[in-house]
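Can you read through this structure? Questions will come right after.
Lettered A, B, C, D, E and F in written order, each chain numbered from 1.
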């Protein structure tokens, strides 16, 4: 069961309305590496998981991502201000001005609709955890790109918080993967000779040797204390 | 902020696994009139609403729809059983068997991915409320279609509960619309002569007269007590 | 059978070319609440309807919406002018300048392609009629947003005509719904106790009471004369 | 302006309901080479055309394709019969049984929604005419595939009619292209030396020589009488 | 088997970075008539072809189109420069600045994702060849539109090369079609009386006579030497 | 520049045609974790990479994935056999029988079109490498699912080869990530206190402690020899 509390996970504010920033922030509401994608990916993955610890982790982080989505949406809402003005909205999507009455929308920065094609669910824990680690690293990256292009210090503070949370999730997913070695798609990893070949198909140049694969596991997701 | 409780809004069960039913139930998880669509539509609309009562209503129902989504997903998970078998899955999408390891997925019954194109957000309260009333009526309709095609009595019980909740939401949205008459797109409704014409473009036959439009409001969304 | 007459349903004109307005108007040609969506929704719904009066109504309005589509398209064509210039097209989609040789296209204002995911067809008359009423209210809303952002008085005149027609359709669909009470998904509406609960899942605050649902029907879609 | 006549362009019937055939026929209602695509492609192209003869041709054929769409839709409706039964619908999409109440829908045979990405509009007459010729040849091809897989003689009769109409359109578009030689993208065709090279990038084997391109024009689209 | 050589098919350069041009050029990387579409269309068609000459032709040109894709991508990369700046990117998609770290992306000029809905594969050689001829003519057209809107002479040189290659492919596909007359969907073309009708559905005006269709074949795809 | 050799990377065969297997194998041709996705993801990422070693690695593997795509496509082609028969194709998509003339198509097992929304490109090397590692693990997982559901030993041999190659790529991408520590999004990882919090939002239960994140790096992607 999902419950909603009107208090945000962390309060947000903006220095002043800036519709072009609003369009840019849409990426993390309705884009490929945004908060809705993260939330729905982890929640969807959790539906079948039997490992109670990881199921709980996915739901903890999934609910947090939905809470981030709400923070991003409120930020967009404040940035959109109160004036319908598609003509001055020269950056990216104009859908908020034409279709949405200045509402935050489930679209990316250029107006493409959110799609479940962004979501990776395989029912295999190692694959899903690696998908999540990658998703968190991409989300951090997009927040870094936004941070550099936004001057509003209050928006930057929100981005900074969200970016740091993606790092926390990233580390937790790595820890979880290390905990379930030798399960699912990690079993019998790299035991066949075909897994030890290198096809040098782009020429000239080969800079890596043929691998001797082992299952993915991470160094130090948690610093030794 | 969103929080998750591991207890379902209402417990679900199935008589026995039935992967073809699972594929059919996918429609209400990841389809055009499904629970995810409903939840995200109301939550998205709430982001900009200033009317506190209606904002609260949208978030109450939005959180409930996410909780329904969880019930539908668990039902699908149980119906999917434990055997990957795309070849016996002759009804609709086979993605759970090939891509998802029997997980519930954000796809409709035929495998099309959920898309934000299903979601209507205009920033105008009368338009959004009418969208929601229509969405609830469609959701009820799809549950009726599923009910008739599913013999599993436990699944039917879940469908029956969810169907009834859509009726409750429908009535609440109608009550809310009646409370905000003469606002937004309901203002100045039908005052121009062009709103009073009828173009009889499909021939032969005309069965309606030219209208004299007034703003939408509902009869008795709540029975007088 | 569909026939086309070269005369528009109502003639359109523009004061002068304005490619940014053209991009904005694309929303009502190829967008989620645009004329193509309306036309194809009603026509698609009509394919199975047995009630001859409502089937005729849907086809009358469906054909009118296709005729509106033509008016919107001609307006866009005139606004696009004769100069390919994506660089000066700073509002929304640039597809007309790069892909379409200044043609009107089946895309929304930000360039997303029209999709049948916009279309609601359930085969249930009450649900379809409610979908149509909501669609008309949203279409009116988008025309209001466009009207406010467009200074060209001739374009405004066209928008005003189209907006009023949506009001007429809205009223006609409401009248039709009132005529078919107690049919389809309107039968047995709200009779179960689960339809009378309220889950207060967003806290703090509850502003609506548990409903006692009845089937949707409208007040006065037609003023008493 | 579009008008609708209740009489079909040509009447359709079926020997008996056959929901699996219905799902297959969906391809020509809502698929990539179906009637809606054809109709909307030609109508969209016509919006900007200045050549009155070709504009008229496109609208004549566009209106005919919408009339074909209606014939295909009625055929699907008859084939769908009156029994919701997704479990027995083992061929392709089950959306009519689960979402659409047995209505014909704007989806292809496997349930993917119709999209404007199917539509080619360039604003260049030679390119648009070649797109249309190709579209008609593909539509014929799909009808041939359907014809071979459908035993119902009445459905076959409808398919045969529609297939022949695609041939007629094909020839008319070719005639139109021959009439506008040396215009648009056909001007200065193949005059540069780079247009006369052949890159033999798939090896072994080269079976064509370097070309000496001239603009596309067709032999005998109309037999000499 | 595909191999990659680091040398481009033809070297590209730009006079100076120009992110707005970069967004425009995206159309020919990830758009409906772009190089990826062409490459994947011909390669996909080749998978089932039995005619060895045409299979080789499709793979020769398919590999060349992938090589063009690489040229377009490198051009975009150079035009994007080194500064993330969505706010100054006022033309079309901002995804490279927000999501892609200035990378070329598989999106069109307005940010819509590449989709296999752009690709036409029928398994019928005449239909596929006509699709390819049309695709090449459209690709030429888009390059002409881009050429006119881009002042950078080095980019123009690249566009000019690519445009000429489309003409070469166009002519080769026409030659191939002429070589396989009376096969596939070209057999029994236009033999039925229904193929000889003209429905004058757009009024007033009829400018073409009823056709007497013959199978598509081209005049002089190769100039007599 | 891309070149094609007619010899497959490794020859494929099937015991006998099996159209239902063909539909299932479509997942790895045109699906979310299929070979086209892998190839285009790595090739797209390579367009902007400055690190020559990793750029070469991406192009080596990208070209190999396209070569895998060709193997999968040929397998599908053989499994499709020579008989159009949508009615017996009870597993997943029927598009090959209705639209494609038995051709392999760029669709997944249920008929959804391939889309660039599957492709992750961020321009940040750590994020892209993590995306690739996850993609390879998911691809292995899908091959495992297919392997279990396919009895044809020749198809199984092909799947086994491809599955092993994904393991090799996985290991190579991990090695590459370990080689570029402290660059891009891996810099300053987890240094803020907000990165060290745990929000226990799903109750009851918390099974992980607050993390102390460090940048992602892998254990032993290459066994010590």
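In this text, a contact is a pair of C-beta atoms (placed from the backbone, for glycine too) under 8 Å apart; a residue touches a chain by one contact, two chains touch by 3 or more.
All figures in this text were calculated on a predicted structure; none of them were measured in a lab.
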Graph separation of chain C and chain F (steps between touching chains): 2
Chain pair with the higher count of C-beta pairs in contact (D-F, A-B): A-B
Copies chain E and chain C - interface residue numbers shared by over half, same or different: different
Rotation in the CA alignment of chain C with chain D, degrees, nearest 5: 180
Intercentroid distance (Cα basis), chain E paired with chain A, Å: 34
Approximate Å spacing (C-alpha centroids) for the pair chain D, chain E: 19
Rounded Å distance between chain A and chain C, as computed from the means of their C-alpha atoms: 34
Where chain A and chain D are represented by their mean Cα positions, the distance between them in whole Å: 41
Residues within chain C bordering two or more other chains: 1-6, 9, 32-33, 56, 59-60, 62-63, 67, 90, 92, 99, 101, 107, 110-113, 115, 117, 122-124, 141-142, 201-202, 205
Chain-level touch network, classified as line, ring, star, complete or other: other
Pairs of chains satisfying the touch condition: A-B, A-C, A-E, A-F, B-C, B-D, B-F, C-D, C-E, D-E, D-F, E-F
Partner chain D, residues of chain E touching it in the complex: 9, 32-33, 52-53, 56-57, 59-60, 62-64, 67, 115, 117-118, 120, 122-124, 126-127, 130-131, 133-134, 137-138, 140-142, 144, 160-161, 164-165, 167-168, 170-172, 174-176, 184-185, 189-190, 192-202, 205-208, 210-214, 216-223, 225
Chain A-facing residues of chain B, complex: 1-9, 30, 36, 40, 44-45, 47-48, 56, 59-60, 62-63, 66-67, 70, 73-74, 76-77, 99-107, 113-117, 119, 121-124
Chain F residues within the chain D interface of the complex: 1-6, 84-87, 89-90, 92-95, 97-99, 101, 107, 110-113
Partner chain A, residues of chain C touching it in the complex: 20, 23-24, 27, 31-33, 90-92, 108-112, 141-142, 145-146, 148-149, 201-205
